[in-house]
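Below, chain A partners chain B and then partners chain C, in two separate complexes.
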Partner chain A sequence: MSKMLQLPLRSRQQWASIALQAALVVVIGGLAYGAFINAADNLAKAHIASGFRFWDNTAGFDISQTLIGYSPSTSTFGRAFWVGLLNTLLVASLGIVLATALGFTIGIARLSRNWLVARLAGGYVELIRNVPLLLQILFWYNAVLKSLPDLHSSISISGGAFLNNRGLFLPRPEFADKFDYVAAALVFGIVATLAVRIWARRRQERTGQPPRTLSFAFGLIVVLPLLVFFAAGAPLSFSFPEVGRFNIRGGTEILPEFAALLVALTIYTAAFIAEVVRAGILAVSQGQTEAAQALGLRSGSTLRLVVVPQAMRVIVPPLTSQYLNLIKNSSLAVAIGYPDLVQVFAGSVLNITGQAVEVIAITMAVYLFLSLVTSLLMNLYGRTVGIVER
Partner chain B sequence: MQRLATAFAIAMVLAFGAQAASAQTLKAVQDRGQLVCGGNGTLAGFGMPDPQGNWVGFDVDFCRAIAAAIFNDTKKVKFVPLTTANRFTALQSGEIDLLARNTTWTMSRDTTLGLDFAGVTYYDGQGFMVRKSLNVKSALELSDAAVCVQQGTTTELNLADYFRANRMSLKTVTFATANEAVRAYDTGRCDAYTTDASGLYGERLRLADPSAHIVLPEIISKEPLAPVVRQGDDTWEDLVRWTHEAMLNAEELGITQQNVDDMLKSNSPDVRRLLGAEGQFGQSIGLTNDWAYRIIKAVGNYGESFERNVGQGSPLKIARGLNALWTKGGLQYGLPVR
Partner chain C sequence: MTNPSSGTDGEKTGWAVEISALNKWYGDFHVLRDINLTVARGERIVICGPSGGGKSTMLRCINRLEDWQRGRVVVDGKDLTDDPKQILAVRRDVGMVFQQFNLFPHLTVLENCTLAPIWVRHMPKKDAEELAMRFLRRVRIPEQAQKYPVRLSGGQQQRVAIARALCMSPNIMLFDEPTSALDPEMVKEVLDTMVELAGDGITMLVVTHEMGFARQVADRIIFMAEGQIVEINEPKAFFEHPQHERTRLFLQQILH
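Let's turn to the complex of A and B:
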């Protein structure tokens, strides 16, 4: 469209539209302000305490899983908020990683030429995505709890771990000071491997020699840190769990609530991701596969180098939605007592302080923030896999 | 989720609604022709629907007593089952007229929630239930134990306090509802379940094998359970408070569901005042003067309601203990109607 045509439009319709939008912004802003003032007024009239002073008061309740230091006697409601938030982030981030891996596998398997594999993948998707998530969480929780033995008949796993209906208890590594050298060697190994890979990729582009970096990577990431580890005198010990009268003492504990929630979220979301992946792959024209095969690429390489990169730009937007769903669905933790943000903050804290408006507003703001950050990151990633217009 | 929805609803009501004039609860109830009472819904002995769907229990009787005082009809109550999480919000937002749901009267609740507590209907205390097979005789042996508890309760806080005060280590597993906490305890997730002692007896009946569990002797807290109303409606608060006092006075004076009609002919001035034969006490709380007569006729006196729901006439078999009349070594003391 030429600029000559646009100018008269701008003077009439566009100005009208700008005015309308400005008016809308003013109205919405006014409503929000009115709601805020009205709420404060109503709370004051009903003699309900308001404000955020509760944040620094002592919480007084215990939390079963804390990633940061927390003590019921000294920690504040604010600290409880961070404990809950970190628990939410833990289950959501692990869930996203595992659901992505499982979802891609199932999605690709559903397109497999192997009849059985394809049907199994199809059956998985249809079964899982048609049963409500809450029921699945309860199923996994009860299945996990009911089928595991009690404390005194704990399943003892070689290496000093225990499994019972209180959770999975693993030896906890305790690092001596010299372990820093091992960590440094590991970091160096990873950086060096990346450098080697970049060099090998360039060489491939220049000379056509395929990159063979696997043995380099193994040497740098595994052998080198191991050598440093023994040279430093094996600066690592384990605190082993022991069966006590009621519970297992020592070691690291994986709660059954956490396991059940993670498994349920992973399996449920993976079913949707599988369909997203299948749709993405089917969106890549069959001609691309044929062309790749005509060039002599094997089917694995065809998938990895030709089909998936093109499918990604179809996959990423709906994949983002699935990630957002997973983050929000993690709030169903409340049904099985996993101490996530909703359970701890919108549950215990809300009840003890009674400040529903503030607590719910903060909780909603947190989920909004998490979702927006996830969307932003996925959009950035989507840009890197999108079609580059030349 | 239900909790979030309710909390969200009240946030919306507070933000956009104009708060209804709060001093009109009795009139609103009369206009509606029905009392809306917040109850427990899952706690045997206190508030739970029976197999026919009729709510029964100690707290339920209290709501029915108020319905009898207002309407002379114990059926004119609608019970709303509430969780610990949404009970106060439901009352604050006006969804219910009265909360009678084994709720502990504490200073912070009384002063910061915009609510008022109207008389202690049940003196309770927190206890522990464990499996007999653990051979635990005292709560002080529970160091290291995993304890299932319901969140948002005074119980949750007392538990942490008790273990801390006795230098014991604790593994709490917190659930949103008593149902979930009890189920997890029954599955073996926890060594102990803790709630108010009265609740322990009620919940024990729901376990797969009730006889395999015992309630430990320690009572670790004070839990005065009280009906709750919105702050700022003194007439309504008076009505609720004096319903309880009337039931206590009836027990003190020996007036029962059976003999209340005969008692109308009594010469005792205390009895005559309570039953409305003398004085204008009913009118002073916005009712007719035979209000207490109707309460006793419909649900009986305090002791009758206690024994029927949680005492010897019930599967819970809880002793009167602190809830005996003051004349019999308990704490229940009917304020004088005069």
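Let's turn to the complex of A and C:
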């Protein structure tokens, strides 16, 4: 409260920038939608062949990975758009999570006092960020995944999975109805953990007792759902893949196109994130650590309360732009035929319908929208780590 | 007399700081050569000497910001070994003020002061804030409590750093050239604060070239050069009859 009063200008500027981005997201989304509906509407009324008419026509082409129901003979081009968009979102969001984890690990490893660890991390960064991403995608796809053994000599992995040049075949979990209880317990556990954290913070303010919520979190998020799982009679079974004569039946399949793209995006972006993280940590002077230690803070508290908050302020803005790069780079999917938005929509749909202007405009609007949403979320996160606070 | 924790350690006999046969090397470079020093409780020591003489290094051994290869350092009766518990225990009772202030830029002045009381002493926030405000009033900047350190002048920042250290109720305060990074017009406000502190009977070890301060406050002055304690004496004798040629030369340079 009093902090806000002391920093009216900064806070106002920051809220203004967030509000502006939110407004931009809404306006662009609205405009795109409005234009689309309007144009389709007007043209339909005037019985002119609409630029967006194709949206409801039957697509007629197959897509190799569909997260929502899709059939070539009945689904529309519009449906194909959503399939492609979801595939883009899947690879991009998984890529962001994995690249962040790997990037932070390597960035920290590069600062390790262990010579070998630091050198390996440094070598990784130099090698990966100096080879074009497209080449890396082709490498993972053609040189690694496509050179795996064929169907008949599939590598079988313990736990009932198979790996061959058609992809990775995993057991598919099949949830019985009672599994809902487990899911509910998990949601409850997460909410309760957040509540416990808030309560522990309050208690610390009141009594000084430091918040130790890790064991609570473990109990609520891991143990509780497990107990419910067994109490409900383990309502989960697996359908195992079986190698047949011409294909693999049952289970669930991870396409080599998806795997190659995900691996390449993760490894490539992680190299850049590692550099961002390293720079962020180096930006916090040794004096900060010394001052915290001289006050008697443990090294864990020193990191958590002094080093990380300052490093994050340096890390978050360039991290955001790495996320944006990853989202946009996922469109290189087209090179190996992973059915992302560009491949499905700006590729197949465009070719079949010939509506180049409309299709490209929609595709561009989608990427713009995704980028703006990402920036907005990262700005909100940046606020919590006090990016512009001084 | 207002040193809050002097009561708890009052009955302990012995020295505030005991350094014996301390030797430290940076690679081949012998930074500290056979340092022996005992500091009594409540004693105020000023350390001076040419740049690179090892003053900071010695001071930083007292709260184990530096480690060493040979010798022993005992602070408040606690032997500083590799045992992290022991190191933390010493650091909690030894305050340090740095030449570059080292305030936490992401925290307000008040939060800078309450961080350690809350996370190390497990104080309720309200109590920690009251304590912090008390010391901020003592260094005469209570009105800056809600500001971020960058908004403050150098002299104000250094006074916050002193208040931050005092919030942990230290028995011993270490100062490493606390006024060297300050513009001349701000040196006095910081020195005044330190003089006041000296009046409270807290044990102080101060690396400084402010000889006026040394004359006024110090019980003993140490002259260090090339990793050794060359001379150690009471202020009057130190300034008027330096025993060693090196000390004489140094005093000539610094006083004229």
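By our rule, the second predicted complex is superposed on the first by the 309 of 390 C-alpha atoms of A that agree within 3 Å, B and C clash if a C-alpha of one lies under 4 Å from a C-alpha of the other, contacts with A are read in each partner's own complex, and residues count from 1 in each chain.
Please note the rule applied: a contact is a pair of C-beta atoms (placed from the backbone, for glycine too) under 8 Å apart; a residue touches a chain by one contact, two chains touch by 3 or more.
For clarity, every value in this text was computed on a predicted model and none was experimentally measured.
Among chain B and chain C, the chain that touches a larger number of residues in chain A is B.
Chain C meets chain A in the complex at residues 63, 65, 88, 91-92, 94-96, 98, 100, 102-106, 108, 115-116, 118-128, 146-148, 150-151, 164-165, 168. By the touch criterion given at the top, residues 35-36, 38-39, 42-43, 45-49, 60-64, 72-73, 134, 142, 145-146, 150, 165-166, 244-247, 249, 256-257, 331-332, 334-337, 339, 342-343, 346-348, 350-354, 356-357, 359-361, 363 of chain A touch chain B in their complex.
Of all residues in chain B, only 1, 3-4, 7-8, 10-11, 14-19, 22, 84-85, 88-89, 92, 108-109, 111-114, 134, 142-146, 151-153, 156-157, 159-161, 164, 170-176, 180-181, 184, 187-189, 191, 230-232 touch chain A in the complex they form. Contact residues of chain A toward chain C in the complex are 2-3, 5-6, 204-210, 285, 287-288, 290-298, 301, 305-306, 309-310, 313, 386, 389-390.
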